[in-house]
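Lettered A, B, C, D and E in written order, each chain numbered from 1.
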Amino acid sequence: MYSWILMLVVLTVMTLAYQLGRRRAIMTVGGPAQMKHLHSLPAYYGLYAALWAGIPALLLMGLWIGFQDQIIIGLVTNSLPPGVREGLSSGQISLLINDIRNLATGNIVSAQVTPEIQAAADHYNQLQSVSQWAMWAAVLALALSGSAFAWLRTQPRMRARNRVESIFLISMIVFSSIAILTTLGIVLSVVFESLRFFQMVSPLEFFFGTNWSPQIALRSDQVGASGAFGTIPLFTGTLMISVIAMLVAVPIGLLSAIYLSEYASRQVRAAAKPILEVLAGIPTVVYGFFAALTVAPFIRSVGAAMGLEVASESALAAGLVMGVMIIPFVSSLSDDVINAVPQSLRDGSYALGATQSETIRYVIIPAALPGIVGSILLAVSRAIGETMIVVMAAGLSANLTANPLESVTTVTVQIVTLLTGDQEFDSAKTLAAFALGLTLFIVTLALNVIALSIVRKYREQYE
Amino acid sequence: MNTLVETMNKTTTGAISAAELAKDRPSAATIGDVTVANPRMTCRNVDVWYGSKQAIKNVSLDLGKNEVLSMIGPSGCGKSTFLRCLNRMNDTIPGCRVTGSIKLNGQDIYDKGLDPVLLRAQVGMVFQKPNPFPKSIYENVAYGPRIHGLTNNKAELDELVETSLRKAGLWDEVKDRLDQPGTGLSGGQQQRLCIARTIAVSPEVILMDEPCSALDPIATAIIEELIDELRANYTIAIVTHSMQQAARVSQRTAYFHLGDLIEVGETNQIFTNPQHKLTEDYITGRFG
Amino acid sequence: RDNLYIVGSSTVFPFSTAVAETFGRTTKFKTPKVESTGTGGGMKLFCAGVGVEHPDITNASRPMKLSEYEACQAAGVKEITEVKIGFDGIVIANSKKAGAWDLSLKDVYLALAKDVPDGKGGFMANPYKTWKDVNPELPDLKIEVLGPPPTSGTRDAFVELAMEGGCNSIPQIKELKKSDEKKHKAVCQGIREDGAYIEAGENDNLIVQKLVANPSALGIFGYSFLDQNTDKVQGAKINGVAPTYETISQGSYPVSRSIYFYVKKAHVGTIPGIEEYVKEFTSEKAWGPNGYLADKGLIALPDAERKAVAEAARSLKSMEKPAK
Amino acid sequence: MNELTSNPPGRPRRTLDIVQASLKRRYARERRFRFLGATAVILGLTFVVLLFADIILKGYTAFQQTYIRLPIELAAESIDPDGTRDPETLAQADYMKLIREALQARFPDVTERNERRLLSSMISVGAADLLRQQVMDDPDLIGTTQEFWILAAADIDMLIKGHIDRKAAEADRRVKDQMIGWIERLEAEGRIAKRFNTIFFTHGNSREPELSGIAGALMGSFYTLLLTLVLSFPIGVGAALYLEEFAPKNRWTDLIEVNINNLAAVPSIVFGLLGLAVFITFFGVPRSTPLVAALVLTLMTLPTIIIASRAALKSVPPSIREAALGVGASPLQTQFHHVLPLAMPGMLTGTIIGMAQALGETAPLLMIGMIAFIVDIPKGFTDVATVLPVQIYLWADSPERGFVERTSAAIMVLLAFLFAMNLAAVLLRRRFERRW
Amino acid sequence: MNTLVETMNKTTTGAISAAELAKDRPSAATIGDVTVANPRMTCRNVDVWYGSKQAIKNVSLDLGKNEVLSMIGPSGCGKSTFLRCLNRMNDTIPGCRVTGSIKLNGQDIYDKGLDPVLLRAQVGMVFQKPNPFPKSIYENVAYGPRIHGLTNNKAELDELVETSLRKAGLWDEVKDRLDQPGTGLSGGQQQRLCIARTIAVSPEVILMDEPCSALDPIATAIIEELIDELRANYTIAIVTHSMQQAARVSQRTAYFHLGDLIEVGETNQIFTNPQHKLTEDYITGRFG
């Protein structure tokens, strides 16, 4: 609570520092009329000061809030009479501290309040308030000295803009590296378990086996029974469902994008685009029910009418509905890039006597291709990552089949069911989820590398 | 050098006062005969608005067969706008309205029944700002013939691309890199590429909006030669800022001013004996 | 932390939350946080250690396994109280639009097993396409059973109770148990994967609705869903016993399992409300045959057992090391 | 004179003739293409309408709730025996008893214990709390007899709404014949009515359908998405800007690009695993909170935003950058003043879609303890909370019939949330859109 | 007219053979003195590559204070490329490499320590293709002064915008619609807008890539007058295809051919007495 106020105070200091820095910069050159002698715009000097005031102070505050609890708890624990904490494990101490804290904050306490505990709670409260005050003082001091430092540094020759910009640039680099860190985190969080898995199940079987059936391995005495962990049916299932989904999403999405950006009136576009975007936000449970209870029976009855054998759960039903879900990924993103193609290119094509559709197909789409491919890749990614629809409409049986009318399952679905089902410690069944995750990661990585090189090849840069 | 500056100063003042004068000019009746003996295109009482701003005011003008018409006039007077009316490229500008009648071979091009695609296949255009497609040089030229199905096989298309590029004087410079993007060319090269692209579909009427503005004299000469050659079979309207160029390539010249067609006539006559004060002011300021 | 932290089985989740809510409403304590993590996931969290960040109670739709118990011990979770709270019937149901079924466990086994006896002393891949193939008295309908996936606890229980039960009713297999236990297990526990058994997700409502849409199919799910949807689906009799509250409670319905929760004793006395929660759960107005949990589909323990369990639970008796 | 104008062999006809001859075909193609486009849009919109109709038809009834009007005697001696109006005492009173008595007074013929139980089971277990609240809000009611609208139990509600068929055989429904008789009597007296379901919008989760509300999940989603947006938009745009405009183009940035594309394909549950390992276990962020959910969802939506933003940046013509650099703008100024505004529509689209995805996502939240029963409405980023899709997931899996309509109603709330969230972005996007 | 075409034909042929001739030319040493007495910028041995294609070959050239240098040469010879080196606009083209030394006021502009932003504030540029910002006309001009903080208040800024637009000869045409998008102007107007935008920040060196290509004679005169006026304080390099323009505005002229700087010298001398055969061929083809 108090930290919010402190944060506001720091923000106020930053605002003040901005104003002062700005004014100081103008003053160092002798008034507004001489502003040309400043290296940068006065606003940059202001920003420079504000950043000096804010960043160290906020960093300190973050660290303080992050660590104060640990430190206070350490202090309280140490000051507990030895009789109280003797023989307690760290977990038990944490429970004790929890109790002390509950007492200190006026929550319900579990057991009898002994004088020692009461004393500890008082101690806790006292430390807490001391820490609060110290934090206020330290943070404010830092904010003020930061401002003062910036104030002193402010002179006409200082490259304020460059400094401010390099802070922005550094933060952008940090942002970009989050993606790398995420990848690293993902790899690290699955790789060890995967290795354990591969100690139990041979990679050969995992990658080339055609039978996926974690049920056989359920019993500890049957771990690794032959053929139980072959992932080929999972990957073919994933492929089939994704392909079906893309067969729905790409034509509908791309044609919608084209229609909306090239043919439709402004009003139609303004209305239709956000409505289509809603498709991306409908919870997948809804799609799942829709696929399982509306689409699947429909396909089944159509199939029956044509004398086809259709399973009640089919890849087709799941794929079709998933395709609907990812339409906006293609339609909206492509619409934006198509809309950004300069008018002069359209003019150039029309002037040669091209019809609108020819212009679109031969000039606009190629020019917008990198963006369109990006949107399609995103849609494919979403299709690969989706579970609920598949579980509800395509079932969970890992069939190795090329028939979309049969039930299949996907890698992601297996990961989710393995992770959320009745897990066991260290059984191949649970660990398989990690191995699947890692494998999927590598497979999609390879696909992306290929996609990137294709896009590079066909990239067309206008102007 | 000083005298030159003085001349310019004088002219400048002249131009500005002319612009002011234009405000209270009498209802602008075009001086000179706007019609020709065998017209390819006829425009009557054409008005063009961009939103509420009128860019072309009641212009009537014919384009004859086998003639080159040049349009001159100060920047912003509506030359490009008028040119764009002739193949309905104005359709693509939101808020642009055209009234009056424009006919191609006797048929109203703004007629509902008329098809802009057919029109534009007959009336080609080279834009003021070169706008090559972000495709290879070859594809840029081959695009038109391809969509219209003008060639029957790859060899014919190759030939057509080559002749078009040759005529635009670009062949030698690009023959080794036909597969490289047209956008990587220099400004003048891009302009010639756009010319090649337009003549590749051999339209009946070719509208050229300052086709030589980015060209050096040699390239300009090639284009002018091309224009002269094309005249035998086509109608050509060319916007230019170079009076010399107008004099060299065109048979008739039209002078625009602030959206009005002030004067039109034989090129020789316009340059030697302009009737309207504005035309004369503009012509005598010649030093392009 | 001043509220209880409960994790565990999705089967017990409805009951646990009902108690938690009443507990929060009727006592001075805060409403506990109940997470539905699945039995195994709950055990994992529960056995991770003692301390505020670890759960106080885990729900389970099966007894704690030896391996889990040992993991708990290793992490310092020494004393655990086991509370058996009732039964969960697993029903095989179909749409009311079609006739009611009457199956034996053997029928179930033969219809769903991966390998069945070939009549010559060996085994063959399940050849039965229709119920009639399995048992001439059954209707001539394609075998189509929607059931839980291998990752689910319900599937475990189904395999253990129905499949194994059915399988042991075949003398040839019963023999096998003595000679080759491994093979016996494989035979009894393997469920066919040729499409006759359809692995549906764990959303039982969806299975109910799929049954309504497809009257010739059967579905496997928990009793509470049957109880709530008596107008749409009907439970098949198993070995002549229909799944009703009474038959499950008395134990005459063969496919029912016990459900539990486990209390971390180390947290009692340090996290406020654990004892009170246990008390609420084991009170007659909650888990009695007329209690609010019965309304939610919990099938109460027989009176005597309930009393005994309640007593043990309230005194937080530590559990024994499980046998397996 | 030359091949274009004379008619050389091989290309005998004029352009006009050729064009005219093929024009019909080309126009047919044009019409087909256009038709296809329109069909695609209509198809897409049809899906939306279909899904919406499905949801609304299933769920609109949840916005009303059945109440029973009963005259309740708020006798002072049973509520406030000391007459102090002390809130503590008022809160302690047994309101359920009052309601039960009132109900039994309507049916004096019901005397048997079991029947009485059945009768009082028509009233929601939460009715007493609601009554208590009303009395505590207006203590002057004490001592009077007032007509109160008492919340009916979920089964009764289902019956009134027709989700339970009165004509079905008694064994096939959860409401016994006897109860139907009582209800018909109450109906005849005009004592049963469906009223607007305020509870749904003001309460947190509950096991009882009639008492359960969406407010907790809504606030959970609000905090989660607010934080997700605050984190993912600047980070996504910043990363896209850096990678597209500033980073040197080399293998390293190629790697990052592929890597980001690949992150988009990582199943969302894996982000949950990551969140569990990194944020909860390593950094000690509290479990089941909007804070940790937002962190996980940020990681999950970042690839979407980055990819869309990069595509948008790519489509800004280089001449704009040159123009700005040419007058001496710094690269950063060029980006912020000129390129970003032009790329903004695409970036906002990426954000809209990413946030929509984050709003509807359950799988990763499974791993970080959001699938939980939480009654209290969260008041901040570090309170235990659940979110809308999880609530929907939980309700969809609940046996009680009353949750069916609530599931759909919750979806409607989620969609309304989505609309509200997108509206701002869509309006913003329209401001930035232009063609050049 | 016929004779004219013939002349052109001749020239064209000449140009092509010149291009062919260039293949086996001796190592091109620039004819004429590349240095000046008081240089603002000095370039030495500048090479520019686009990928593997060399667009500028070993060019050395000085730009003096208070002088106007014009660069001429056939289309695609590297004029724009060279110009873009001078304020490091080439940095923005992927795959473009520059070697050699280019100094502004004695400081190497490709030096690590040098801030290209500062450089570009000192060395302004008007591009070959007009590229107004998709903002209002006012904002287009005000942008530079704003980021450099050249004015202290709105009134000053308004004034600066007005004077810049006036100097570029655009004020009268746009004064009523300063808030309308700069992209809605005619081609010539856009070009003048870009000139106004550049002079609004008053850089020390102004690079103009065919600033008058889309301009009519009157507007051209205004710009030329502006250049002459600016020369008093600034250094100006201008690329032009009009020899007349080069003769009118510049003191020195440099002739480029296929990436080589063939000849440089006093404008008078270059046009009256070119040393190199290529220069002469190009000059004598004059009719722009």
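FYI, a residue touches a chain if its C-beta (ideal position, glycine included) is under 8 Å from a C-beta of that chain, and two chains touch if they have at least 3 such contacts.
Note that the structure is predicted; figures quoted are calculated from it, not measured.
Visitor: Moving only from a chain to one it touches, give the least number of moves from chain C to chain E.
Guide: Counted as steps through touching chains, the separation is 2.
Visitor: Quick one: which chains contact chain B and chain D both?
Guide: Both chain B and chain D are touched by A, E, going by the contact rule given at the top.
Visitor: Mind naming the chain pair that shares the most C-beta pairs in contact?
Guide: Top-ranked chain pair by contact count is A-D.
Visitor: Would you kindly say which chain has the C-alpha centre located farthest from the C-alpha centre of chain B?
Guide: Relative to chain B, the chain with the farthest C-alpha centre is C.
Visitor: Select the chain whose centre, defined as the mean of its C-alpha atoms, is least distant from the mean of all protein C-alpha atoms.
Guide: Measuring from the global C-alpha mean, the nearest chain centre belongs to A.
Visitor: Can you grab the rotation angle between chain B and chain E? Superpose on CA, round to the nearest 5°.
Guide: Rounded to 5 degrees, the superposing rotation is 180 degrees.
Visitor: If you average the Cα atoms of chain A and of chain D to get two centres, how far apart are those centres in Å?
Guide: Chain A and chain D have C-alpha centres separated by 18 Å.
Visitor: Just curious, how far off is chain E from chain D if you go by their C-alpha centres, in Å?
Guide: Each chain's C-alpha centroid was found; their separation is 59 Å.
Visitor: What whole-Å value do you get for the distance between chain A and chain B if each is reduced to the mean of its CA atoms?
Guide: Each chain reduced to its C-alpha mean, chain A and chain B end up 54 Å apart.
Visitor: If you average the CA atoms of chain A and of chain E, how many Å lie between those two points?
Guide: So the centre of chain A lies 49 Å away from the centre of chain E.
Visitor: Pull out every residue in chain D that's touching 2 or more other chains.
Guide: Touching at least two other chains: 19, 26-27, 318-319, 330, 342, 396, 436.
Visitor: Give the residues of chain C that touch two or more other chains, as numbers and ranges in rising order.
Guide: Touching at least two other chains: 30, 37, 53, 202-203.
Visitor: Where in chain E do residues touch two or more of the other chains?
Guide: 117, 129, 147-148
Visitor: For this structure, enumerate the chain pairs that meet the touch criterion.
Guide: Touching chain pairs, listed by label, are A-B, A-C, A-D, A-E, B-D, B-E, C-D, D-E.
Visitor: Quick one: in the complex, what on chain A touches chain D?
Guide: 161-162, 165, 168-169, 171-173, 175-176, 178-180, 182-183, 185-186, 188-190, 251-256, 258-260, 262-264, 270, 272-287, 289-290, 294, 324, 327-329, 331-333, 335-337, 339-343, 353, 355-358, 360-361, 368, 370-371, 374-375, 377-378, 380-382, 384-385, 387-388, 411-412, 415-416, 419-420, 437, 440-441, 444-445, 447-449, 451-452, 461-463
Visitor: Quick check on the complex: what are the chain C residues that touch chain D?
Guide: 3, 10, 13-14, 16-18, 20-22, 24-25, 30-31, 33-37, 53, 96, 202-205, 222, 224-225, 227-231, 290, 292, 296-297
Visitor: What part of chain B is in contact with chain D in the complex they form?
Guide: 115, 117-118, 121-122, 147-152, 156, 163, 167, 199, 201-204, 229-230, 232-234
Visitor: Please name which positions on chain D make contact with chain E in the complex.
Guide: Against chain E, chain D makes touches at 249, 318-331, 333, 337-338, 342, 434, 436.
Visitor: Give every residue of chain E touching chain B within the complex, in rising order.
Guide: 1, 4-5, 8-9, 11-12, 15-16, 19, 50, 72-76, 80-81, 128-130, 169, 172-173, 177, 184-189, 192, 209-210, 213-222, 224-225, 228, 241-244, 248, 282, 285-288
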